[in-house]
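Next come two complexes built around chain A: one with chain B, the other with chain C.
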Partner chain A sequence: MTDLRATALIARRELGAWLRSPGGWLIAAVMLLVDGLLFNAYAVGSGAKLSTQVLQDFFYFTAGTTMIASVLLSMRLIAEERQAGTLPLLMSAPVSEGAVVGGKFISALIVLSALTLATLYMPALIFLNGKVSLGHIAGGYLGLLLLGATTLAIGTLGSVLGRTQLVAGVLSSAMITTLLLCWILARVSDSPLKEILRAMALFDAHFKPFQRGLLRLSDVVFFLSVAWLALIAATRALRRERWGG
Partner chain B sequence: MSHRFSQPSSSWPMALLLAGLTLVLVAERVLVDETAHVVVGWTGGLAILAAVIWRAVAWRRAHGRTRLAECMLWSGHLGVLGSLLLFDLQAPGGIAVLGLAAGDPEATVLTVLWLVVLAMSLTATLAMERAWLRMPIGPAVEPRRLRSAAFGAMSLTCAVIFVFGINYAATRKDIKRDVTFFKTARPSGTTLSLVTQLEEPITVLLFFAPVSDVLPQIRPYFDALAAATPHLHVAVRDHALEPVLARRFQVRDNGFVVLVRGVIPAADATATAPHGQFEVGEEVDTARRAVRKLDATFQERFSKLTQPPRRVRFTAGHRERSKQGEKTDRAGDRLEVVHRLLTRFNIGSDGLGLGDGLAKAVPAGTTAVIVAGPRSRFLAEEVESLTRYVEGGGRLLLLLDPVQDASDDGLDVLLQRFGVRRLAGTVLSQGHHMRSAFNKADRSLVYSNTFTSHPSVSSASRNSLQVAALLTRGAAFERTAKVPPGVLVSFPMRSSPDFWRDLDADLDLGPREALAALNLMVAVRVTNLAPPTGVPSQAGTAPLAKQAAANGEATAPEGRIVIIGDGDFATDALIKSDGNALVFVDSLRWLIGEQKVTGDLSSEEDVPIEHRKDTDRLWFYATTFAVPLPLLLLGLWIGRRRRSGGR
Partner chain C sequence: MITVRGVQKYYGAHPAVRGVDFQIKAGECVGLLGLNGAGKSTTLMMLACLLRPTAGTITIHGVSANERPQEIRGLIGYLAETPPLYGDMTVRAYLTFAGGLRGMTAGHIELRVRAVAKSCDLARVLDVQISSLSHGFRQRIGIAQAILHEPALLILDEPTQGLDPVQIVEVRRLIRSLRGDHTILLSTHILSEIEAVCDRILVLHEGRLAAQGTEAELVMRHGATGGGMELEVRASESELREALATLETTLGVQIQVTVREVAGDVLRVHVGAAGELRAAVSRAVVEAGHDLLAMRRTQSGLEAMFQNLGAAADPLGAQDAGDEVPS
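Moving on, here comes the complex of A and B:
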């Protein structure tokens, strides 16, 4: 079986498991409910607010809920198999570690993307009642999807490293929080570490431009490269677990 | 067959290597004192050298597979030592020894190379050491595992280096696009009309650095303007490169747009031509707001620079609607919005009462006179003065209430003189009225979107499907039986056929009242008016052609009047209606001779989200429960189906 077919097969199987599980729907409903409440309480508020500001606030907190959702979705990917004792069975199948990690990541990414895009009705309301550009909405969602993919990849790495789902969740959260807080570390560091830490700030340096409607190649490359690196690391870690060394 | 195995060496060389690296790091990054820096740095270097020698000795003493494993570990240690040597070479002293300068590409390569070699060799050594610790017994040593661990670590390090490299390249490339606004790079029809009427050259100097991110956002806007007329020239100047020119036009930094009368050659710093300027900003983030309002700001500055100063006068002393209003007036009865509009079009405003000489003559330099809903009578002398003003080519805007409302403002004489008669009774409608008090009084709050193609209503006519003009207790007009020669009367705004004039003030359609399409607005052109019968021709009342000939002018000035049948038409409450605003602005433009200039501004300025109790509730329920609830129910249904064994 080629790696591509194996990846697609695992992704399809995982996706089916998501759709059949009430837990997946519950996570989606809760995230959208929280998003809706934050949209009313925080973004729209009660005073007069410019529509661009409302949209920016929407992307601000939706980035938070997206990251939380990605940790919740990813923590079970490998750790659940390990906890349930089905990982050796999966590892004994004629599929590469890359296919396992890739398939599981893609399935979670599809779920997360659907969950993120399901919030579209909120900016659509701003679009109808205020004055924002479609480009700003599209740009913000591109940022959300890239941020979600990156945190999901980091979560996949956490899931490979963690013995249980809980440990996987804690590990993923710790890694994501470290990247989120890099900007604080950058403040108290000297060059060239300062520049490196500032460039690694997941939200502050790379998501805020999307939030403001500014698309930068450097941000897109950052998210994609970090996601790729996390998946490579997850594959290496799974290979080490499979073959030792 | 006998095999010789040797025990693997301990991990002390690795510990020594790490300690040495830590000391070098502390010496380079923490210690400031020169002596301490040298002592600690050299101690670290020697520790690393000792670790390498230790590993070499262990390798020499080892046998069989252990020897191969020791060789691999020694290679890792040697790599770390090599990276330190590269570090010394890329330092200022090392570069000097190599005969390179600090900015040379070779020096940059060395800076990157020592980091790459250190990362690769250190991670590989650590991974091998970890694998090494798991096989402490000689026969269990598997060099293949060490090789695998080293390759795994190095491939991951390569990936990290690649990520850093590609991010560095993307940051250096710095490609970005602002997607929050699109239309700012396109001038509005109004601005294009303004620049196409240019008869003398205007230069637009864009003070921006060539690499500015804002310049590409605004350059297409000015290029489009330059393409519309040969008289507009656009040039980009860098404040840093042309400080004398910048100082001449009071430009303190890049990010400014300067409009100058005349053509400014490339290095002409002695220009003293009239000019105006506005700031846009040089950073994308800070310039956003200014870029969104670019069209409006340019239009305002352009008008100031190219058009002569204009001044309209609001008559006073007859209880007219005014900017301050009367004590009994509500906030919406004032004319604050109208005054803001005038400022926007670079038109000054003043009062015009008895004290200003209204009873004698309208002061010279008056662009137009506005009579906004008078509620007490004009003196005959004042009416005569206004009449003479129009006959002499003046422009007059009359916002008039019906006769019974205005308690006879005395202006009917003026209207009659120009072939217009104000009809008795308030304009009412059963079908075309707003709801306010929910009683019969609402019939007087009428609206109309029936506009002709007259220039005084061109924008409203173009947008008649979207906007309508509102009138509260309005008046209607008609032509007099005999319109004086040289006077052209037209009716740019009419009502629907279901209107009537309420003659008995009962708000109902009575037997003496008939449904009809009424004229709610009048536009009068006075081109060559003969003096009224029996009135001698005086200086102020001379026929326009004769007056023009006396002044040596080829063509006679044209007097214009716009009459709108509602004294409240331009008050703050009603001018919020887009229809009223468009009619008022177009009328004013036609009066002051800018009838070609119509259309809206191209603006991407943000608007606040409006809150209303009913819509807020809708927003709340729609955004909070509309989607999550069905999802939750679907999840519950799936769970229930699974528990019941369904698929």
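Moving on, here comes the complex of A and C:
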């Protein structure tokens, strides 16, 4: 069976499971509720602001809820199969580890993207009393999707490494937090480590430009590279667990 | 043909399987028998390419598991100790998904789902959500997913574990019906299971193959002591002892008679004897002019053999690990 077909099959099953599980809907509801509250309380409700600033604040808060949702969505991907005893079905079938990891990741990415896009009504509200550029909105959302994909990929790795969903969640959060705090470490480090750490700062170095509506190729490449590396590591870790290779 | 040569598996420094050799011919139904922790599940997982052996080789239909595990996975149907079921799916959706994972086409899956639903008696629950089904149904769904793609080798790890007596009978009947169409390797620690469904037995003890052969062969080799039977005879105790004493002389065995109950002229006794003496005992009783009303084995030959293997521990394992592998 081709890897592509297996990936699509696994992604489709996983999407069905999201739709049927109350957990998926709960994560969606909580994320949208928290995002709406933050938008209302801080982005639009904290005194007079320029519309651009409101949009930037929205992307700032939504980046946070997106990362949290990523961890919650990804921690179950493999760890839940392991806990429920369903992993042998996938592992004893002639499908590659890449197809399993890919299928799981894609399903979670589709869910996260749908969730992220469901927040579009908030930037749209800005048009009631102000004006922002559509490019800024599009750029910001591209940044959110890239940030979400990257943190999901890291979460997928955590889910392969963690024996339980809880351990997977803790591992993923630790990896993401480390990447978020790289800018603080950069401040207390010397060159060349300082530059390396600064370049690795997930949010500070690479999301903030999107937040301001700037689209830089280097940021896109950074997010895609980290996501790719995390998925490769997840595939290798699963292969090692399955066949020690 | 399945060939396993010198297979070992270590978890860190702990040896789970310490060098196992055996062969299984196409169409055979072989039971892997052993106490908990004997290495049964580890051996099956290595055969299913879910664990890589630390040493040794596994070849299925000429394909080496070490070199081409993915190809081997396509040849195998595997039921883990806990059936790998998604509770949120219907039986049909689950089997369709399992078929897709095995690379079957949509048309073929539809045909096979219908066929396995019939053979596993799942037709009436095909559109029912798995989470609402009983343990017996779940076990049968697990078997259905394992045979869906018509695998060359069917591996069943403790297929009747946790089932009630009625469900056990159903699952055994199902496994028996699969014999011939599939080569079957099943593990269990329940002796009656092996007796009920298997052609040949592999006995694992502390990670080693302690013995292998048919039930009769194993009982002959290792079940020589500890057999017993319960009789109901219309005779007095002394008459019965006299009748059985002739056997001690003619067969050169020691027979212990323990009276359990006397009900009128009927005597219920336990006869402890070495080896398989049921035919000889019944003849001796009848030829002495007594009515033999009932005879029941109190311990099967396999049970006796298993106790002997357990008690003998390593010496037996060392002796029989070198048994000639049947070709």
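The definition used in the following text is that the second predicted complex is superposed on the first by the 242 of 245 C-alpha atoms of A that agree within 3 Å, B and C clash if a C-alpha of one lies under 4 Å from a C-alpha of the other, contacts with A are read in each partner's own complex, and residues count from 1 in each chain.
Basically, contacts are C-beta pairs under 8 Å (C-beta built on N, C-alpha and C of every residue); 3 or more make two chains touch, one makes a residue touch a chain.
Every value quoted in this text rests on a predicted model; they were computed, and no experiment measured them.
Taken together in the superposed arrangement on chain A, chain B and chain C fit without clashing.
By the document's definition of touching, of the two partners only chain C reaches A:242; chain B does not. Look at A:139: by the touch rule set out above, it reaches chain B but stays clear of chain C. When the two complexes are overlaid on their common chain A, residue A:118 makes contact with chain B while staying clear of chain C. With both structures placed on the common chain, the touch criterion links A:20 to chain B and to chain C.
By the touch criterion defined above, A:218 reaches chain B but does not reach chain C. Measuring from the middle, so to speak, at the Cα centre of chain A, the directions to chain B and chain C differ by 170 degrees in steps of 10.
In the overlay built on the shared chain, the residue A:32 is in contact with chain B alone; chain C does not reach it. For the three-chain overlay built from the shared chain A, the minimum Cα spacing from chain B to chain C equals 6 Å.
In the superposition on chain A, the residues of chain A touched by chain B in one structure and by chain C in the other are 20-21, 243-245.
Every residue of chain B that touches chain A in the complex is listed here, in rising order: 29, 131, 145, 148-149, 152, 155-156, 159-160, 162-163, 166-167, 170-171, 173-182, 284-285, 604, 606-611, 615, 619-620, 622-629, 631-632, 634-636, 638-639, 642.
Every residue of chain A that touches chain B in the complex is listed here, in rising order: 19-26, 28-30, 32-33, 36-37, 39-40, 44, 46-54, 118-119, 121-122, 125-126, 129-133, 135-136, 138-139, 190, 199, 209, 212-218, 220-222, 225-226, 228-229, 232-233, 236, 239-240, 243-245. Listing the residues of chain A that touch chain C in their complex gives 1, 5-6, 9-10, 13, 16-17, 20-21, 85-96, 242-245. The touching residues of chain C, when paired with chain A in their complex, are 48-52, 69-71, 73-74, 76, 78, 80, 82-86, 88-89, 93, 97-98, 100-103, 145.
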